[in-house]
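You will see two complexes here that share chain A, one where it goes with chain B and one where it goes with chain C.
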Partner chain A sequence: MIKASNVYKSKKLIKVSLTYCKENKLINSITITGDFFLYPEESLDHLESSLIGMKIDKSILRKTIDKALEQVDVFGFDTHSLTDAILGCLKPEQDSSGRGKR
Partner chain B sequence: MKFKKIRLLETGFNPGPWNMALDEVLLNSCNDGNEPILRLYGWNPPCVSVGYFQSIGEEVNLDICRDLGVDVVRRMTGGGAVLHEFEITYSFITKKFPLNILTSYRLICAPVTDCINKLGFKAKYVPLNDIIVDNKKISGNAQTRKNKTLLQHGTILLNVNFDKMFSVLKVPQEKLKDKMISDAKLRVNGLNRTFEEVASQLKNSFAEKFSAQIIEDEITEKEKEDCKKKIAQKYSSDKWNHRR
Partner chain C sequence: MKLIFEYEESNSGHLPDVSDDEELSNGQEKGLLPGLPSELIRKELPIPNVSEVDVVRHYSNMSRKNFGVDIGFYPLGSCTMKYNPKINEDIARLEGFTHLHPHSDESCNQGSLQLMWKLEQYFNNLTGMDAFSLQPAAGSQGELLGVMIAKAYYKQKREKRTKIIIPDSAHGTNPATASMCKFETITVKSDSRGNMQLSDFKQSLEEDVALVMLTNPNTLGLFEEKILEISDLAHDNGSLMYCDGANMNAMLGIARPGDQGFDLIHLNLHKTFSTPHGGGGPGAAALGVKNHLVDYLPLPRVKNKENNFVLDYTKRKSVGRTRYGYGNFGMLVRAYAYLMSWGSDIRKISEHAILNANYLCSLLKDDFELYYDRRCAHEFVLSSRNLGQKSALNIAKRLMDYGYHPPTIYFPLIVPEALMIEPTETESKSTLDEFAAALKSIANEIKEKPELVSGAPYTRPVGRMDEVTAARKPNLRWQKITRTEDQKEK
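What follows is the complex of A and B.
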């Protein structure tokens, strides 16, 4: 399992921390934090849940995020920037000891 | 938008968990069918509040806060981490509001902008949630909606201690701290007015903008009791404050 994180500057700051399987790049766990606004607020938990088990792949991430945010008012990022924030976790890799923080 | 009456609560200077708990309690009070509430308050001791979606561990130097006697609390609203010290904070809670998020921010930021203008500045609302004077942020605002009721709270900066701000808030790279402080001085400013001056004008601006009569009131015993419970159950708990 690979542990990775990325900080991405969209209109607001998006910080992504995740673990994923090295072989198939499937997300095992993910936390998205930042100074953005979502209405309703609880939709971030739903968004994170919907990303678990998904492959870190541009098109899959975009579809998943679009669907999860269908009924949500988001200020500070959009599907494209959040996708890029998650993709940014792929390089360079680090092991699960947390050393070599990205 | 007009309101007949606004219930005014001037709740003084209190610790962060108390301030955030009372906001949530008042959101429920208003939801019981009362008129909109305007609450004006300050923070004692100083407090860092983090946005609902932020991680306290990522944003706040907890050891330094402990050493300096600065509270730390999570808000129920989004947005960034704020050091509350030399400022006036308001909360406006209403059941009547535009459903569009941007329109509702604009509506409630209007009296805040008006207040700053009446104090002799040229303030401008910048969507989504900022008010600026001379291109410097002077007020940050954030809102939430629960059970068909809207709460917007926000700060008007009276003064800024940049060194303290950047010691309690984490900066991405310590070696860039000096540059971040000098950049922040270009982006953030305080009004350099007293709490009382600004509070007095805020009341007038809310009354005027919403054509409302201000009814001075105090928090009820039930609200006080609910607030104590909310502090114990939520705003002083790690479960809430460290939920991300």
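What follows is the complex of A and C.
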């Protein structure tokens, strides 16, 4: 299991901290923090749990995030920027300050 | 008093008239509205057309008609309407707290997380519990969370328990919470000393009792004398003990509910820990539990890992969130500041609260009836039964003319014509003397000029109200008062 995190500048700042399986790149745990806003607030929990078990792959992530953000008002990021923020965790130069499961 | 919408038309002329300006409605640049698209320009501006001076006077005068702990003595029993130290407001307004973002990374919030963790440790020490959740947004929500935890606990143990024992002196929220969680309530009577009647309790303690919900000291302001025996009986039956911490102001640094056998407690921060009382504003509560119930608390939990404060989202048996985020954080800061300001002297809060209540009670018990003649804790309940029917209501209304907020009346239900008085620790001897003199004076007025008291209040913006109609058919919509020519001349 690999711990990784990535700070991504969208309209607002997004920090993604996750753990994933090295072999199949499936997300084991993920925490999304930053100075963005979501309404309803509970949708952040839903977004994070819907990403668990997903492969870190551009099209899979986009599809998952799109679905999780249906009926959600988001200010500060969108599907594309969050996807890029998660993909950024795969970069070798990332720090390893990932945290536990939310 | 007029509403801001009711100022005379003659006062108008303070706002630009946009409706008649063709150029503006066409979206062209002019004056105050440069280049706004025409669809965004309002044709009307339905706000009061009054000058700055009138606005300031209106709201200043309105605020002077309000009453609160910063205006005068507020002896509302069972509510602990205590002084809100102004230093709390300064601390809560520090930028590090006010600029917090709910989704920010915990590495950016270490100070705030430390405050929450330390506050939890203080609550553990004060109550004898093992862990607290600071998430509930009100005392009632804390109580709901506690009962939900009890329900989840028995579900996990696969025990079918459907009943909650509540004494007849309890707050109304106790049976209401039980009902919300689909428990059946068993009411146990009080004995001649104001305690829960032990024989009745033993009889009610059946196998399917999940919780025994007690307020200690109870709403009569009396310490439950057989609390240890009650706890032992409940635990032997496999039931949990729940403490409604509404009256914790009487026990700080003196006694701990955890040591009395309670398994759960909610603390109302606006009662015992000096945060401002509701009125529509944010409330806050803390729900404390013993070790065997810690896994059921809401997530996240603040953990201290070698002075690195982290939010633990590990799901164990949590009943889920009661509120998004970490509770009403500004209230937690105020409670923390209050605790810090007292430090190791915290026992003095309760000592002074108890002293004030007993002093005031001793001044009044010869003029009114003291139903349970025992040394009280932080509050006491008098009966004005000797002054006739509706006397408690009349006294409450007349007190407003004397400049006092009335005490709680007709509660607890077991005392006829009840006047429930809680002075709190912050009131001076002279305030208590003056209040007692006012109550004695009203008692004399009832005897000598009963019609004077039954028509009170006379000095308030609103006179005697029909409270039943006000409650059942509330008129909550503003309607413009159209005055006839005759009324205008008058």
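Things to note:
One rule holds in what follows: the second predicted complex is superposed on the first by the 92 of 102 C-alpha atoms of A that agree within 3 Å, B and C clash if a C-alpha of one lies under 4 Å from a C-alpha of the other, contacts with A are read in each partner's own complex, and residues count from 1 in each chain.
Here is the rule we go by: contacts are C-beta pairs under 8 Å (C-beta built on N, C-alpha and C of every residue); 3 or more make two chains touch, one makes a residue touch a chain.
All figures in this text were calculated on a predicted structure; none of them were measured in a lab.
In the superposed model, A:Asp35 lies in contact with both chain B and chain C.
Legend: residue contacts after superposition of the two complexes on their common chain; A:Lys15 is shown touching both chain B and chain C.
Touch criterion met: A:Asp73 reaches chain B, while chain C stays clear of it.
By the touch criterion defined above, A:Ser49 lies against neither chain B nor chain C after alignment on the C-alpha atoms of chain A. Once the two complexes are overlaid on chain A, the chain A residues touched by chain B in the first and by chain C in the second are 15, 31-38, 41, 44. Taken together, the chain A residues at the contact with chain B in this complex read 7, 12, 15, 31-41, 44, 73, 75.
Those residues of chain A that touch chain C in the shared complex are 15, 17, 31-38, 41-42, 44, 97, 99-102. By the touch rule above, chain C contacts chain A in their complex via residues 101-107, 300, 310, 312-314, 321, 324-325. Those residues of chain B that touch chain A in the shared complex are 51-55, 58, 76-81, 101, 128-129, 142, 144-145, 172, 244.
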